[in-house]
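Have a look at these structures, which come just after this line.
Presented sequentially are two complexes of subunit A, the first with subunit B as partner and the second with subunit C.
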Partner chain A sequence: MGGFRFLLPLAWRSLWRNPRRTFITMLVVCVGLWSVLTFAVLLRAWSASSRDVAIRTITGEGQIHAQGYLDDPTVAHRLPPPDAGLMAVLNGGAVSAYSARVRLSAIVQSEYKTLPVTLVGVQPAHERQISVLPAQITAGHYLSGPDDVGIVLGSNLARRLKTRVGKRVVVMVQAADGHLAERAFQVVGLFAGPRTAEDEFVFTGLKTAQRFTGIGSDLSEIAFDVSNDAALPGVLAALERAVPGADVQSWKTLEPLSYAVSTFFDQFVLMWLWIIFLLMGFGIVNTQLMAVLERTREFGLLQALGMRPRLVLLEVALESVFLVGLGVALGAAAALATVSAFPKGIDLGFLARGAELAGAGHILYPVIVPSDFVTYSLMVWVLGVLATLWPARRASKVSPVEAMSHI
Partner chain B sequence: MNRAPILLAAAMCAAFAGTAQAAPDADALIRAAFDNWRAKSSETEVTMTVHRPDWERSLKMKAWTKGDDDALVRFVAPAKDAGNATLKQKNETWVFNPKLNQIIKLPGSMLAQSWMGSDFSYNDLSKADDLLTLYTHKLLSSAKDGTHTVYTIEADPKPGAPVVWGKLTAKVRDDGVMMAETYFDQDMKPVRAMTTDKVNRIGGREYPAVMTMRPVGEPGKWTRIETTSGSFDVTVPSYTFTLSNLQNPRD
Partner chain C sequence: MTNVVANIVECRGVTKHYRQGAIDVPALRGIDLSIEKGDFASLAGPSGSGKTTLLNIIGGLDRPTQGSVKVDGEELTGLSGEALADLRLTKIGFVFQAYNLIPVLTAEENVEFILQLMGEAPAKRRARAREMLHEVALDGLENRRPARLSGGQQQRVAVARALASRPAIVLADEPTANLDSKTAEDLITLMSHLNQISGVTFLMATHDSRVIARTRRHIVITDGRIASDERRNSAG
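Now for the complex of A and B:
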């Protein structure tokens, strides 16, 4: 260990014998790591936002349907009202909220236009716990109860239909007996949300929808949220036991795009890390190799004075531990500073609806995940040091006699 | 108000329809207009002209109706469109396309689409009765037109009726000829208007021979329906309004 005490200051001082070279290499590491960390935070925020938009708009973290409903969302595939066993699971601690719905493909008609929509019959009190749409009313008001006979449209849909709060629209839907049921609804409210949701969903009272389609008290789906992510598989299994034969799915199957986005982003960060590291690696190896070649005479002298080749190797490796370590520290600090520059989130308003296409919401909330920071920084540091082992080995192979004659 | 013409009209309506009430009212006038238009059964030849700012085309067709529920329209010219046919039975509508040799049952979503590129929708064919069944009628005014009296009737949707219009107004002549029909949105602004441009004697009755449908606010767009010949209360074979006859005409 005595060697270390003598090697540490030696390596540190050697580092600053050529400050310009040291700074440039440090900068390479710093910028590389900064980009990896910042990207990781951004992509995580994006994927979290995409997941939130998918789940909070209407889907929930899981849904129960009758078999076949997902392929053919009509009145033919419906669930009986929940029995005691199912209610026990839904009211249990692992499920934080649920909403029973009638949800059917329908057609909405105004004086000027006829458009395909999805008619959703809801119990407003339950729906509010699952979906953010009831809270995002821009005109009029949301439904007051399961018996409400009004209809709530998306703002954009209302604009396309040239209708507004107070006016009447006609909704057509296939009823339980197969005929085309028609009914006039008064528009009571407009909601704002992702444009696809605004265009797709129209809401009315659950019982109104059940009477309209003649399905008694049957349902199309039950959407639920779980108290924490880890509880999801358990809840899915419990629900499958409670309603044998039903189709119980998590958001990962119901919203495959959002799930794909979140998994893809995790992979993407890793790929980015490798690319950046490769580039950094070339930079570090090149500088260190140059430094070693420049200092042939010095290494020869050290060996002639009795330093073991192993210690020479250690000395060069220590230099890069300092060098890369400083770069890593600076890069991590820069990334921290960048992220904390957006305490209120990054507003994607300038992308207009473009961000929505990729599944994200309007505002991204970057969150620093300490484990990411530590892992990626350590990886860069360790790999950076490993990359300098080659020049270090080269330094240790210098023969003192040759080196002394080297100018 | 002079009630004599209304009484007279109502009496005529009763004669036509056999079901109208004795009291003169707007319902009876509307009923009379429908009966004059379609009778118990009808067979007519019609030319439809679709006009747009930069083009215009004419289609000739034959149409059969029976009661309120059944109707069949078959295009006969031009050659490009000949053979296309639309069958309506109660609330269901089918179209036949000879090029595909296929019958397609129209889904509800398509009923509001334009019929053969005109300003009429399939709904106008299949839901023509809405004016009779889904609205309450009241007489607004009457005016002299030569020897005839023309009554203006306002039709308001019954509460909860599945109609999108705010109201309709119809002008019906005392002999049961429909002279005009205007559709209003729920702000009571006119959306589209149909007018009868010419009344001719067809099949032994005064008939709206030339009718034009114009969307309001879109000048240069209109569709004209010109009835060239027709016979009413004739026996239409029962096979006429069948899918088999839709695909393989027997006439």
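Now for the complex of A and C:
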């Protein structure tokens, strides 16, 4: 009879009968949602950072190798120089950049120390489009071209080798003929990057590396980026067709830890959401149950006056819609304010080493994803209201006569 | 649709037993009672005699153990909870001892609430609420919440609320019990006046001799049975 709009003012005003209790419950919802949304943004930022570190350091969004190279990255598993079919795909619109490399396990030796490294022969102009390392030179300069005979080391590796720009180091690597090739390189530059990259990679010109290892024009790998994430599966398929028998992999396979971090994010947020909801649910049910018990007489009166039980249930549920809705609005606003307080990103310098170990960069750039905000807010709102159905049902089941005698 | 019937209430062989643990306690022992349209009746009796139980059964708030109860021609005993709620809404007005107004609504909204439940249009129900508050002499207090009204004023709002839906009968349970003498007198005069000008039927469970003296019909119930049913020609 007459819809239920008239219940709105009744529900709204009933909410403020006990302002302290209402505020506490709202605060529980607000803090709960704030934590869910803020964590979601931070984890998303962490995930994006982890992906970025993985892709931008050296891997790219995908790589082509000879079969067996990933299990045994030696000179024995080589790719021939790209043919016209492969070049057509690499120069096509879906691939934004690529870099052909020689990449082999090696030993580097200074006057003081010998350490295992990965020798990477690159075409500097191409490499700059795939990797951030050429832009992160801290001393000296990067390689000038594929024929450059200098070597670029990571800063930390140079420190460990006790060498510097201008000095020489000796690199040993297994050559194509099976012998151990050995050559001295002058250190022309030092780069900064993730500690693992600084310790692992040493760079020289592509052709220099090919001559050094005696592999002619052969390659170890071709790293590539795609124009957008959605294009990746198509590019992988096109490359597999262009180089039959080659091993074409996306960064998800090449950097499983980073990929696991990014996928773990979704499950973690969902798990957090449920924990928060359980805590919040207990608070809401308790509050509403108390409110219902306190107002037993009133619910009896409403029914005595002719209000149908289902309208009583609706009235209590509407109170929760307002109560949880306000908490959700405040929680979302607080999360938005928190995230907006870091327009230049969150500097994790104080735990940089830990962040790096977990695969993330030094600075996290929180990005607000509207769909996350809407989805999680609605979930909390709906679940919060559902949690009150039990107290609401209890209110609707009150017998008018018994309720009216309730003091 | 309201049928034109001479008897607004007809109780036939109404019994009510309560269970108190293993003991069966009879509250009503075969009540036969008819309340005619326009009656201004009091229902008196000692505490525990069954007055409130009978009122609750007539009001559709409780169900008899046995017997038949008709209100405005409609048999109550077989009705569902929802149907009883509808019947209470449209055919019965309640006035309670403790006023029982909705504390978060103003005087006018309390009266309007019944009409909202009935689905009346906003303008119509507001006009009716104002009219009823005027009838009970509460002009100017429409926007006050119950906490800012005196006991007498709250009970007047309750009377206005009970009459707003133009019910077949108003059931009042000790309506003057919480009021001082002057306010109680004023309330009785008001209800008597409303009974005379609008013809609405009143049945009041009461101990108050002032109420009993002003009613035109006086029913006494003792130990769950009608002990006497006296009609008087004039009441004040």
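By our rule, the second predicted complex is superposed on the first by the 403 of 407 C-alpha atoms of A that agree within 3 Å, B and C clash if a C-alpha of one lies under 4 Å from a C-alpha of the other, contacts with A are read in each partner's own complex, and residues count from 1 in each chain.
In this text, contacts are C-beta pairs under 8 Å (C-beta built on N, C-alpha and C of every residue); 3 or more make two chains touch, one makes a residue touch a chain.
Please read these numbers as outputs of a predicted model, since none were measured by experiment.
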Partner chain in contact with A:S14 - subunit B first, subunit C second, else both or neither: second
Which superposed partner A:P400 touches (first subunit B, second subunit C, both, neither): second
Which superposed partner A:S110 touches (first subunit B, second subunit C, both, neither): first
If touched residues of subunit A are counted for subunit B and for subunit C, the larger one: C
Touched partner set for A:E298, first subunit B, second subunit C, both or neither: second
Residues of subunit C touching subunit A in the complex: 56, 59, 61-62, 81-82, 85-90, 92, 94, 96, 100, 102-105, 109, 113-114, 116-120, 161
Subunit C contact footprint on subunit A (complex, rising order): 1-3, 6, 9-10, 13-14, 17, 297-298, 301-311, 400-401, 404
Contact footprint of subunit B on subunit A as seen in their complex: 107, 109-112, 114, 116, 162-163, 167-170, 172, 179-180, 182-184
Residue ranges of subunit B in contact with subunit A within the complex: 91, 108-109, 111-113, 157, 160-166, 183, 185-186, 191
